[in-house]
Structures are given as structure tokens and as C-alpha cells.
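Written out below as C-alpha cells is the structure these notes cover.
The chains carry the letters A, B, C, D, E and F, assigned in the order they are written, with residues numbered from 1 in each.
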Amino acid sequence: MGLDPIVLFFALGLGAGILKADLRLPPAIYEFVSTVLLLSIGMKGGIELARQPADGLALDLLLTLILGILLTFIAFFILRYVGRLDRSNSAAVAAHYGSVSIGTFAVAVAFLAGAGISYEPTLPLLLVLLEIPAIVLGILLARGVKAGTPWGEIAHEVLLGRSVLLLLGGLAIGWAAGPEGLEPVAPLFFDLFKGILAVFLLEMGLIAADHLGGFRRHGLFMGAFALLIPPLFAMIGLGFAALMELSVGGAILLATLAASASYIAAPAAMRSAVPEANPAISLTAALAITFPFNILVGIPLYQQAAEWLLRTPS
Amino acid sequence: MGLDPIVLFFALGLGAGILKADLRLPPAIYEFVSTVLLLSIGMKGGIELARQPADGLALDLLLTLILGILLTFIAFFILRYVGRLDRSNSAAVAAHYGSVSIGTFAVAVAFLAGAGISYEPTLPLLLVLLEIPAIVLGILLARGVKAGTPWGEIAHEVLLGRSVLLLLGGLAIGWAAGPEGLEPVAPLFFDLFKGILAVFLLEMGLIAADHLGGFRRHGLFMGAFALLIPPLFAMIGLGFAALMELSVGGAILLATLAASASYIAAPAAMRSAVPEANPAISLTAALAITFPFNILVGIPLYQQAAEWLLRTPS
Amino acid sequence: MGLDPIVLFFALGLGAGILKADLRLPPAIYEFVSTVLLLSIGMKGGIELARQPADGLALDLLLTLILGILLTFIAFFILRYVGRLDRSNSAAVAAHYGSVSIGTFAVAVAFLAGAGISYEPTLPLLLVLLEIPAIVLGILLARGVKAGTPWGEIAHEVLLGRSVLLLLGGLAIGWAAGPEGLEPVAPLFFDLFKGILAVFLLEMGLIAADHLGGFRRHGLFMGAFALLIPPLFAMIGLGFAALMELSVGGAILLATLAASASYIAAPAAMRSAVPEANPAISLTAALAITFPFNILVGIPLYQQAAEWLLRTPS
Amino acid sequence: MTGAAQAHRKLLTVITESNLERDLVREIEALGVAGYTISDVRGRGDKGLRASHWGHSSNIRVEIVCDTPLAERVLERLREKYYENYAIVMWVVDVEVLRPDKFR
Amino acid sequence: MTGAAQAHRKLLTVITESNLERDLVREIEALGVAGYTISDVRGRGDKGLRASHWGHSSNIRVEIVCDTPLAERVLERLREKYYENYAIVMWVVDVEVLRPDKFR
Amino acid sequence: MTGAAQAHRKLLTVITESNLERDLVREIEALGVAGYTISDVRGRGDKGLRASHWGHSSNIRVEIVCDTPLAERVLERLREKYYENYAIVMWVVDVEVLRPDKFR
């Protein structure tokens, strides 16, 4: 199983953006498309949860929290002591890489559907959980635990951010309505999923092109960082998947989540809580390098690693 | 048959809005979604009309006009003499409650589809007709029949408003093209209907949350009004349905229409023709109380009443 | 085979626009809808190209170029010497009529699908090619070959315009992914095609109504021009289709392309390269007269002509 | 700025409910305003927050460059027609324009 | 313009990152600003081009009509809070307003 | 306003066809403009109503804060390049700015 044809839409957007072609998708379309994707991912998980209650969920959630904290710390120390970025920028970039990218997750979900591989219904829940600790830790690493940090506001922003809310909302709806209840909305949320993801990736390609060449300083180091962290973090993610005894599909998704870098929730939170960090550094790394790497090269790679790792013992 | 799972999307929007979460759907999406819903409702009616021509239509239309006028008068007198609102505000609110809500109608249509109950193809036509007299009467009640009322403009606004036009346009297209003619557009207009309605309800939930707590004065009275008028008007609607000899499905829809309050056509018309009325009062009542009441509690209730009422004789 | 019911949506938009009804579709919707249509047309062509490689493609492309140049010259001379328009306006209008309308092409594609007529997969490629020479020639006719023409910019604008890019991108994706590869995105790009085209036509009707009555001078001549050029150019297109030995379906599409006038790429290019031309003249002719003529009357006409012409020999 | 063709005019800015757009445009055109620019805005004032994504409860900004007498007539008319019942705010700035004939 | 009810005020215009909207509004309301108008814009400045279609990297314009002391307090506060780390630009114009009581 | 770091500049506002955006930005940047703000607007002028939802027939507003000589150069250049064939209107206002070095 090679590349999913859906990434061709990303390539088209990227090419159009690089050539400075007159191709823009209005923000309204981006919001519509991402709303449908988030609800759809959440609902799929919720339907599965309604079918088969999750055992040992509490342990998985705990391990996911630990995974998020661990990844953020590793990223921070590499950035600060290998890359010699200043404290704020190290913390901000670490928050991006400790957190996750929903677009990358959606591509991995589509990839698994194409390959006929199933996964645990709890993954969307882990996705939500993995978004949070990195952001909180990033702020702590940048500012220290000092007075005056508007934690209330930050909690509000993180927990009630658009993506957390739509994912959890979708989960709840899927769980409450069950598969038959959601059949009437399936044409929009499930049948169109890949088509809508294609439009999303076209848009992502255009945006990634905007951010190419966004590094002024630290260019070489950041380029290497954005390319090497994903496989490294994917391996750590696979380790945690083995601890949680996930299926191959679940392990691929957890590895992809670990490998991915946030470009929506984390940038917004860092901009307001760590304003002295330069947003161009983290966005360029996450959007223009790590995201394409993961969807073009990473996901098939993580699949192979997951199959090798999880099938060896048997 | 309980709640349609589609109202869960309304609940999600409402919750997100109340928590002031960062979830907005851009106006462009609202317009797209409502355009598709209106055309779809109209086209469904038109297709049915093409199949089975409506007998006794003239009488039904006349009764519908009378229903609209009656409801507006009842609302006006309750507001003016029980609620002691001033003349303008009584007239403006009465226009909202004498008129109808297309969103509520769409939920009822989805509800009937889920329950496998059919209805007369003329209902979309009655919906259009029911939108109009309340608005005209509301203006008359507020201003009296005096010189200087720009009736031409008001007629233009009411008759060529977005919803009337799309409903009638959909009806005409459905009637002219028939079921086979519209088969190629069915994937968008019919298969996606419920999914698109779900997005619409998500948005409506967000908007309703914006309007919660919109009463400054008259809060208690208006709250009671917005909760008690729907069942009362639904019963009157059922009476008219019996006069028209509608089926159970048709009766449920007519009751729902009577019970619903306009939050698109009426506010726009009242704002320009009765500017001294406070738009916050009517919008809060219609959007934040009556709309949720109808879709969460009302429709199943009206179904039971309709079944009881119309099956008793047999 | 008569009118496709889909043109009823155009009629609805046109009627609403003429009555100045309160019906607008936001620009974001227009962009989404046209993006999906362009990608879809391109992808359909690409899938067919992957199935059956095109023989004699080079010759077809050459003939298409010649067709574009020929049509532009004919239009220019009629405008300049029959209509007595000045040089700039003649050149600008000629560029519109030598180029093509993707909306018209989409309606013809839907028409053929409805009638069960197939066509060569190269047609989307010819469409792209036919967009270009007219624009370049229009600029040359207006300005002469003088120094200072920003050819680089113009080439960029024409070759990397939205529609060329999305069509070619769709072709490439369809060709690379093949029919199975694109199956997961078929619900959006293929099943919804006609529904989305209906929304597009509704919007086009509204826009056409805006442009009715846009001629101040040259009204009579331009009206006749906009009505008579399409059948004339369609016949020339059929002649070229016979030279290329296209099937009946391909011939209908090529005739439709020849008959159609650009209202997206050409206006933008002319506005920046031939600013002294009055954009109202060409837009009114192309949008308010030629476009409706082609979709309401022209396409069925060209079908009859194509069948008569291409079946006679056998 | 002292370019030859420059002259002084008033820039009148009106912020009001977007559902008034059609009516207000008719009104100012009747008063003789030949040019204006409109944009979509949101805001807060005496009538509370007006920032909903719901079309008819947000604001527009109308800008009119014209001479002083016309600006005064427009101010006066809008005040008398809309001040009582609508959310509306207006202010006036001195501007220099290039082609004074365009802005009577 | 010399209408009886007219008075002079300041129009303070702020162009800044759109993700600051919530924070900035809270800030100016705390300083006593009762009315303001916001619109979505794009632009270029010291911090480079800010015109992406991506929500959080484009700009807003905030306009506040108020009296001189309040304008100065707002200017001062925004300068001290945002100048160092954010893309922000501000300017002030003299305006005439009709109902001075609306703009303290 | 008499804050220490304040200075006088010009605010040049240009309303023109939105399809000119790319070209006009290139033009003003070539003249030395380092900062500007753009927004989407609609309107009416000599060239008729420009308010279509159709992308290329509506307007943009370009605002540039700069010193007087630069404002005059920009005015001059835009006048000479666009006045004849395009829908365009420009006006200039005096503004006070905080950090004069940002607006040369």
C-alpha cells in the first residue's frame, strides 16, 4: 500500500502556492470543511464506543498524558540545548510538536480506511487528550510558574478551542445516537469524508506554500528538526501503543499523532501566552515541513514499523 | 419515536455558545446551508405536486390565511393586555409568532422521514402562505392604516424575501422537472438533507446561545409567553388541519408551523417597518426559547396530539 | 432530448435577480462550487486518459490552437468593421468570444451525461488550450506588439489562472490516481456534480441579471452579436471536430466551447492588459446574453447539428 | 499638501445597522450624494454589542466624501430619520482630495 | 461645520493581529471605552505581510471615537502592552461628532 | 495630543477596483511605502455601482500612513497610472502617530 491518492490534492495546492497561482480558498470554506472533518472523526469514534465499551480506558488516557508531556520535554531540550534557540522559542516550538495535528490524523484515518485496517474507537479521545498537556507545559517552560499567568483564560482557550469541542461533541453525538441514529447524516459526514478531506488538503497545500522559506535564523537546524522529529516521535508513539496493547491500526494512528505537530491550537495558545516567541519559526516547521513529511512519507513508514513491531512477537 | 438525533447538533451548538467556546460558523456557510434546505423542501413539495395534483387547494390556502391572521391577533392581544407591552412591541412580537420558522419545519420534515410518516405535498405551499399575513398584520397593528407606509417596499420585501423565493422556486422546479428530472441533483438536495440540516442546527444553537438572556424587561412574562404559545398555537393548527382533512403527517407539520415563530423574515420586516420595537425581545423569545422548545419537546408532542385527534373518529 | 432540468436553476436565479429579490450567494460559495466543478471536470478527463491513451493528441491540440486564433480574429473583424467599436473594445470583446466559458462546458457535460452520450477524454485538455490564445491575441490586437507590454505578468495570469490550474490539476490527479484511486472522493466530486452545478447556475442567474441592461452604446449591435456569434462559432467548432474525427459527444462539446464566451479568465486579463476597454460591454454580452442562449437554446441545437453532420457519411 | 488640483472636503463616516443599507443608500442618493463607500464592520455602542455572525445584526460603515453643505444636509437627515430608533454613530473629518470636481 | 450640537473628539485607529481581538477589547473596555468599531483587514508593516486567508495571521482595524484624555490613556496602555511583541500600528485623527455625550 | 513621541503624518486612503490590488501594491512598494492596510469594500462613484458579489467587480480600500513627500509621490503616481481608465478615488487626512520612525 503506497501513497493515498488524496495527498495529490495537497501536492496540487502546494504547487499552485509555490507558483503564486491565483488560487485561494476563502476562509469560510476552510472552516466549513474542518468543522465537518472534526465532527466526522468524533462521530466515528463515538459510534464505535457505543458498540464496544472501552476496557482499560483510564490507563490509556494516563499513558497518553504521559506521552504528551514526554514528547514536549524532549522537543524542548533538543531545541534549547542542541539548537540553541532562546527559552521562549524553544518552549513555543516544543508545544507545537508535543501537541497534534488533526489534519494529519484525518489523512491517516483515510489511509487506514483505504487499506482496510481497523483501529480502536478510543483514538479520537486520545487525540483530544494529546492536544492539551503540550500546550500547558509549553507555557510553563516559557514563563515559569509565576504569578499573573492568566490560567483561567488559557484553560478556556485550550479546553473550549474549536477542535477539542467539535471532536468531543462529535464523540458524544456518535455515542448517544449510535450507528442507526446517525444513518441519515451519514451521506454528509461519512460518505463525503474523503472528498472533503481532499478540499482541506488542497487548502493546506496553499497555506504550506505561504510558509515555505519562513525561517530567517536557525534555518538549517529547524529544517533538520522538522524532518527528524516525526520519525523519532513516531517510534516513541509506537512504544506507548505497545504498552497500551493497541491493534496495528491504533498503533499507526498513535504513532502518527506523536509524529505530527499542531498548527491550529498550539499557535493560537502560544501567540497569546508566549507572545515573545516568533510564530514564523514554529508555523514554518509544523506546516511547511512536518505536515507534508508526515502525509507523504511518514504514514506509510509508520505503518511498516507498526506491522513489524506488533507482529514480531506472534 | 423519541427525539431525532439531529437535535443533538443543536444541543452541541447551544452548549458551545453558552460556554463561549471559540466556535463560529461563517455567515457564508449559513447562507449556503439554508439555501440548500429551502430549495430542497420546495423541490420535494413540487415533485409530489407533479405526481398527485392537489384537490381543494383553494380552500386550504384560504384556511391557511385565516389561520395566520387569527394567530397574530391572539398573540397581539395576549402581549398587549396580559403582558402590558406597548403597542409597537406587541405588534412586532405578534408578527413573529403569527409567522413561521423554516428551520423548525425542516426539523419536523426530518422527524417525519425518520418515523416513516408521509404528508401532503401542499405543505410547503402552506408554509409560504403562512409567512405573509402575520407580517402585514403586524405592521398594521403597529402603525394603523395611515398614509406614508411604504407598502410597495414592504410587499417587495415580504414576497421577494429569500425564503419565500427559494421555497416557491424549489416548488416550481420540482413541479416542472418531476422526480426523474431531479434525480441527478438528488445527491445534493435530498441525500445530504439531514446532514446539512445538522450543520444548520449547530449554527442555530450557537445563535440561540447569543440571544439567551436578551430580555431586560418583561423577562418573566416573555419567557412564559415563548413557552406556552407553541402548544396553544399547535392545538389551533391541529384544528385547522382537521378542517382541511389533512393526514396525520400533514397535521403534525401544520401544528408545528403554527407553533413556530419566525426568526428570519419577520425580524427583517419589523426592523424596517416598526423600528421603535425592540428587536431583542422578539428574537430572544423566538430563537432562544420557542425554537429549542419546538424541536426538543414540541414536535413529538404535536405528533401524539395529531395521532390522538385524527385517529379518534375512525 | 430537450432542456436539462438543471437550467431551471439558472432561470430561478435570473428571475430573482430581475425582480431584485433579496437573494445573494456569498462569494465564498461561488468559489467553493466552482473549485469543485473545475476539479471534477479535470478529474473525469484524467481518469479517461489513464484508461485509454489519446492517439493523435498533438494534432488535436494544434487544431484547437488554430481554432482559438481563428475565432478571435473573426470576432475582432466583425466588431471593428461591422459594429464600428473602437480598437480596444473590439479586441477585448474578441478575446472573450475566442476564449471559452467553463460554466457552459459544465452544463454541456451534464447534458451529455443525461442523454447517455460519451465523449473523448481529451476534451478538458482542449478546453484549457482554447482558453489561452484568444487572450494573448486580444492583447496583441489592442496594443500592437510594442515594448512595455508586461508579457511575463500576462503569461503568469493566463497560465496560472484559477481555472487553468484546477482543470490541469484535476486532469493530472485523475490520470495519476485512476478510477479506483479516486473512488473514495467520488461522492463529492462525481455524485454531487449536478447538484453543485445547480447551485452554480442559480448564482450565474443572479449575476446575469445584474448585467442585463449593461450596454449604454452599441446596444443593438452587441445584442445581435451576442446572439448570432454562438451558432456561427458552433458551426466552425463542428467543422474542426470533423477534422479531428471526434465522436458526436466530443463534437457537441467542442461546438459548445467555440460558441461560449469567457466571463472569468478573459475579463480579468483584459482589465489589466487593456484597461481602456469598457468591461461592461463584454461582460454584458458574455454573461447576460451568450451564456443563457447557449445553455437554454444552444446546446440542444449543437447536438442536432453534430448528429446530422457526423452521421451523414455513414 | 499644496498640489495644484487639491481642495478641501469633508469625509463623513456613518456606522449603523447593516439592515439599513438599502434604505440609507436611497436616502443619501436622494440628497445628492454621488459617491460613497461601504464596508462590513462590527462593534459596540449604546445599543450593545453588534457582532453576531447573523447577517442582520451587524454593522456597516458608510463613507462619503463631499463638500461641507452636503455633508451637513446628510448629517441632518440621517439624524432626524435614524437617531431615535436605530444603532447609529457619525463623525466628520477634514480631507484633501485631488480632483475636487469628483466630490461636489 | 458649526452645527450647534457638534463637538471635537479624537478618532483613534488601531491596526493589529486579529487574534488579539478578544484581549484588546477587554483592555479598552476596562479603560472606559464605551463604543468602538472593528473590521477585518490585511496589510504589511514591520512584521511583514499579514494577509493570509488563515484566520489567525491577518489583521483587524479597531476604531474608537472618544475625548482626548481617554484616547491618550488607550494609546498609552496599548503601547505598553502590545508594542514589543505584536504587529500593531496606531494613529489619531481629529473628528467632529454630533452628539458629544455619546463619546465621552 | 502632546505625547513626547508623537508626530504628524498623512493618512492616504485609496478606493479602487479590487482586481488592481496586486498591481497597486507593487507600485506603492516601489515608491518606498513600507506599511499599508487593505480592506474589502463596495461603493458607488462615477463608474457606477461596484458592489457585485462577483470577485472582480468590487472595491478595495488601501490606507497608507506616511510623511507628506511620500504621500505626494504616491498620489501623483497613482493618478497618472490609474485615473484615466479605472474606478479610483483618493483622499488625504492629517494624523498623529506614536512612533514616527515606523512611518517615514
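Keep this in mind: a contact is a pair of C-beta atoms (placed from the backbone, for glycine too) under 8 Å apart; a residue touches a chain by one contact, two chains touch by 3 or more.
Because the structure is predicted, anything quoted here is derived from the model rather than measured.
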Next on the checklist: Once the contact rule is applied, which chains count as partners of both chain A and chain D?
Outcome noted: B, E
Next on the checklist: Applying the touch definition from the top, give me the chains sitting in contact with each of chain A and chain F.
Outcome noted: C, E
Checklist entry - Which chain is most remote from chain E in terms of Cα centres? => result C
Checklist entry - Where centres are the averaged C-alpha coordinates, which chain has the largest centre distance to chain D? => result A
Item to check | Inter-centroid spacing, chain E versus chain B (mean Cα positions, whole Å) | outcome: 41
Checklist outcome for this item: Separation of the C-alpha centres, chain D versus chain E, in whole Å, is 19
Checklist outcome for this item: Two or more other chains are touched by the chain F residues 39, 93-94
Checklist entry - Can you list the residues of chain A that touch 2 or more other chains? => result 24-28, 31-32, 187, 192
Next on the checklist: What's the complete list of touching chain pairs for this entry?
Outcome noted: A-B, A-C, A-E, B-C, B-D, C-F, D-E, D-F, E-F
Item to check | Of all residues in chain A, those that touch chain E in their complex | outcome: 24-27, 30-31, 207, 210, 267-268, 271-272, 275-276, 279
Checklist entry - Once bound in the complex, which stretches of chain D touch chain F? => result 1, 3, 9, 11, 25, 34-39, 65, 93-99, 102
Checklist outcome for this item: Residue set of chain F touching chain C in the complex reads 17, 19-20, 23, 52-57, 84-86
Checklist entry - For chain C, which residues are in contact with chain A within the complex? => result 26-28, 31-32, 35-36, 156-157, 160-162, 165-166, 169, 172-173, 176-177, 181-182, 184-189, 192
Checklist entry - Which part of chain B faces chain A closely enough to touch in the complex? => result 5-6, 8-9, 12, 15-16, 19-29, 32, 110, 113-114, 187, 191-192, 194-196, 198-199, 202
